[in-house]
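In the two assemblies presented below, subunit A is common to both, partnered first by subunit B and then by subunit C.
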Partner chain A sequence: MERGTFLYEVWVARWSLLSGFGITLSASVLTIAIATLLGLILGIGLTYGWRPLRWLIRIYVDALRGIPVLVLILFAYYGLALFKINVPPFWAGVIALAAFSIAHIAETIRGGIESLPQGQTEAAKAIGLQFHQRLAYVIIPLATRRVLPPWMNTCAEIVKNTTLLSIIGVVEFLLSNQQAIARNYLVLQFYLFAAVVYLLINFTISQLGAKLERRYAHFRY
Partner chain B sequence: MLNYNFNWSVIWRNWDAFLDALLLGLGMAVLSLLVGCIIGLLVAYARLAQNRVLQWAAWAYVELIRNTPLLLLVFMCYFGLPELGIRFLDKVESFVLTLSLYAGAYMAEVFRAGLSSIPRQYVEAAKAIGMRPWQRQRWVVLPVMFRITLPSLSNNLISLFKDTSLAAAIAVPELTFTARQVNANTFRVMEAWLTATALYLVTCYAIALALRAVERRYASIR
Partner chain C sequence: MVRRGILGLSAAGAAVGGLASAGLGLLAPTSARAQEAGTSRLQTVLERGHLIVGTGSTNPPWHFEDESGTLVGMDIDMARLLARGLFDDPEKVEFVLQGPDARIPSLITEKVDIVCQFMTVTPGRAQQADFTVPYYREGVGVMMMADGDYKTFDDLKAAGSDLTLSALQNVFIEDWAHKELPEARVDQFESPDAALQALNARRVDGYFGDQSAIRWLMQQAPDRYIDAGRGWMPNSYASAVKQGDPIWLNWVNTVYREAMLGVDFDYFAASYQKWFGITLETPKVGFPSEFA
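Coming up: the complex of A and B.
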């Protein structure tokens, strides 16, 4: 391989690119895990919660959906330091991304639960299931089928949003490509390379989501 | 822990910059939505066309754009196009171009769903009274489709407005960039970001309310 060709430069930058890819993956997985867990709790609170609690969650969800993610990330990055909370940029970014995604997932889950026919809950009550049993054995299993496809979309969104961490200096996959570009000026090649990698990840996720959607489409309750 | 002294005078001194930034963001969002609608309409028709090549090309465009991070597209357009000899775009134009292409892919999906949800009888009735193909599109299909897709259009405008924050990455002086500058110049971290956040929120809600009113006016007729 010749010096200055694209493949040579990728080979030179392989460790930095791989570590960037790893950071993108870990940021995505962490964000998805946190957002799914807390989003599920908030989503259930939004549907069944005590009224003032429901309002609080509603305000949180609506507020976060009206603010750009980038502003949240920058706010977390500059703001947390003010309160002597010493977080590395990676965690500031993950916290901000998760806070944003929680709102989306909570809303998806509320929609999924409310789309279930009332009859399911009534039947569960009629056979004497307690609230937590109704949730665990009836509502959540049924709602999962409704929620899974939009949840996959949110996951793809999260992977795309991790690129914003590059703005606060987290060397994730996009920034590792930009660093390579800064060394060798192969602008188009490296951006296209990054685009293809993101495309492969997200295309896989979205095809999986579409497949699940088709599989669950015939379920009627 | 919370001994932070607020000093809002910094914000008042920079208020004009904040407002200009907000207007720039709104302008970029509206322009991108308009261009995106044109692209989206063409792509939606291409996806529903008989021609296999057109269908495939439209599908590829939508999937390519929707599965690539917007920030990467912004950088590709801003740093990549000059490499291809396209050097006449400034920052704002380059960003609007990116956002329009991005919006086009999303609008294509919206319009495709809208076009395929139009009852076949409408078109048949139009045929029966002797309308030509383009007349059927112009007077029957498109007006009905726009009413059906209006809610998605307003949601898209709001997301596009939020997406204009990414223009800060290529130093377009919009709201996020301005907040960052005020933050860097004055160290009034909370004030700068709270102001930006509040302005984004208020604008998003104002757009939502205004468009709900429009939607009620043109409530879809079935």
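Coming up: the complex of A and C.
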């Protein structure tokens, strides 16, 4: 391989690119896991909670959905430091992305649950299921099928939003590409490369999602 | 019934949150903080055993990664000089990577001990951070494609409002361009590679930037670009520290001054040669020239 060619430069930067890829993947997976878990809890709270609890969650969801992710990331890194809470850049990024995505997923869950016919809940009550049993055996399995497509959208958004972490110095995949560009000026080649890699990550997610959708396809009513 | 179920879930959520925050505590990095009132940062850094420096990683020849993935450049050399002065070991530096707009916030929030990131000294910034003595005098210029429509600075001037320039985003960059090219449109980009790509893709007629960057770019891709041949807007690059710590500021100033004029001149001159292609004249022996 000749020096200055794209393949040569990718080979030279391989460890940095791989590390960036690893950071992007781990930030995405952690954010998706945290956001899904807490989003599920908040979504159920938003549907069935006491009125004050519902209001609280509603304020959280509306506020967080209304703030740009970039502002949240800057706040998690610099804003918290003003209150003497010193969070490392990676975690500041994950906290900000998760806080944002929790709001989205909570709304998705609420929408999924509320779209179920009332008859399902009534039937579950009629056979004597307690609330947690209704939730576990009836509501959540039925809602899962409806919630999966928007949930996957959110996951793909999370992966793309990790590129914003570069602003607080997290060397994720895009910044590792930019570092290579700063050395060799193969601007278009590296951005195209980054685009293909992000596409592959999100294609994998959508394939996994499609598989899950097929798996839950039998939950009909 | 319903309510009890929800409360249970909330408690589970709180438990998860608690665990997460406990985990964060364990993973917290070394921080530039923990400076007691009355102690200088100099003492804090010495006790910590390494220096924490805010810089970037995408702007040659100031701070960028070489082929081995190591940060190099003029700013990095200055940071290593400080580490050598503190610990007799240029490797005892932790670099915190950040964008140019993070330079002052990370000082104020004590994420870093010092910023070495091609920082232009301005009166406005000097109200928010303490600048060290400058270590480079920058100027701006315009670089065009060698096979483009404009060949000389006079061509650019004659183009008037038809001229579009790309530049790295900065609060004062448009005013600076307008000093010599008052009608030019200035498109600002968030990273230097994006500003350069705008020129490569011929979305702009010229790349408006630091002369050090233009010189470096023309060295990397000979014959691809031409320099408009005019420089203006002198501005000084210095490091910055958090306000209100004269001991720390004075120590850094001493190291920088002696690099430019005293014991560390050889180190400083080698960096200038390497990154700017500028050969510095050895300071004259006798009366200190800075007071002449």
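In this section, the second predicted complex is superposed on the first by the 205 of 221 C-alpha atoms of A that agree within 3 Å, B and C clash if a C-alpha of one lies under 4 Å from a C-alpha of the other, contacts with A are read in each partner's own complex, and residues count from 1 in each chain.
Here is the rule we go by: a contact is a pair of C-beta atoms (placed from the backbone, for glycine too) under 8 Å apart; a residue touches a chain by one contact, two chains touch by 3 or more.
Quick caveat, the model's predicted, so the values are computed rather than measured.
A.B. asks: Under the superposition described at the top, does placing subunit B and subunit C together on subunit A give a clash or a fit?
C.D. replies: clash
A.B. asks: Could you look at A:Ile41 and tell me whether it touches subunit B, subunit C, both or neither (first, second, both, neither)?
C.D. replies: It touches subunit C, and subunit B stays clear.
A.B. asks: Check the residue A:Val187 against both partner chains and state whether it touches subunit B (first), subunit C (second), both, or neither.
C.D. replies: both
A.B. asks: When the two structures are overlaid on chain A, which partner does A:Leu18 contact: first (subunit B), second (subunit C), both, or neither?
C.D. replies: Once the two structures are laid over each other on A, A:Leu18 reaches no partner at all.
A.B. asks: According to the stated criteria, A:Leu53 is in contact with first (subunit B), second (subunit C), both, or neither; which is it?
C.D. replies: second
A.B. asks: For A:Val171 in the superposed arrangement: first (subunit B), second (subunit C), both or neither?
C.D. replies: It touches subunit C, and subunit B stays clear.
A.B. asks: Could you tell me if A:Leu82 is touching subunit B, subunit C, both of them or neither one (first, second, both, neither)?
C.D. replies: both
A.B. asks: Check the residue A:Phe203 against both partner chains and state whether it touches subunit B (first), subunit C (second), both, or neither.
C.D. replies: first
A.B. asks: Would you sort A:Asn161 into first (subunit B), second (subunit C), both or neither based on which partner it touches?
C.D. replies: first
A.B. asks: With both complexes superposed on chain A, which partner does A:Leu135 reach: first (subunit B), second (subunit C), both or neither?
C.D. replies: After superposing on A, A:Leu135 lies in contact with subunit C but is clear of subunit B.
A.B. asks: So the two structures are superposed on chain A. Out of 19-27, 37-45, 199-207 or 217-225, which stretch of subunit C collides with subunit B?
C.D. replies: It is 199-207.
A.B. asks: Looking at subunit A, which of its residues have contacts with both subunit B and subunit C?
C.D. replies: Residues 78, 82, 84, 166-167, 178, 181, 187-188, 191, which sit in both footprints.
A.B. asks: Spell out the part of subunit A that touches subunit B in their complex, as residue ranges.
C.D. replies: 63, 66-71, 74-75, 78-79, 82-84, 156, 159-164, 166-167, 174, 178, 181, 187-188, 191-192, 194-195, 198-199, 202-203, 206
A.B. asks: For subunit A, which residues count as touching subunit C in their complex?
C.D. replies: Against subunit C, subunit A makes touches at 12-13, 15-16, 34, 37-38, 41-42, 44-45, 48-50, 53, 78, 81-82, 84, 86-89, 91, 130-132, 135, 166-169, 171, 175, 178-183, 185, 187-188, 191.
A.B. asks: Which of the residues in subunit C come into contact with subunit A in the complex?
C.D. replies: Touching subunit A from subunit C are residues 1-6, 8-10, 12-13, 16-17, 20, 24, 27-29, 31, 33, 57-60, 64-67, 69, 96-99, 102, 105-106, 109-111, 191-194, 196-197, 200-201, 217, 220-221.
A.B. asks: In the complex formed with subunit A, which residues of subunit B make contact?
C.D. replies: For subunit B paired with subunit A, touching residues are 1-2, 4, 63-64, 66-73, 75-76, 79-80, 83-84, 158, 162-166, 168-169, 175-176, 179-180, 183, 189-190, 193, 196-197, 200-201, 204-205.
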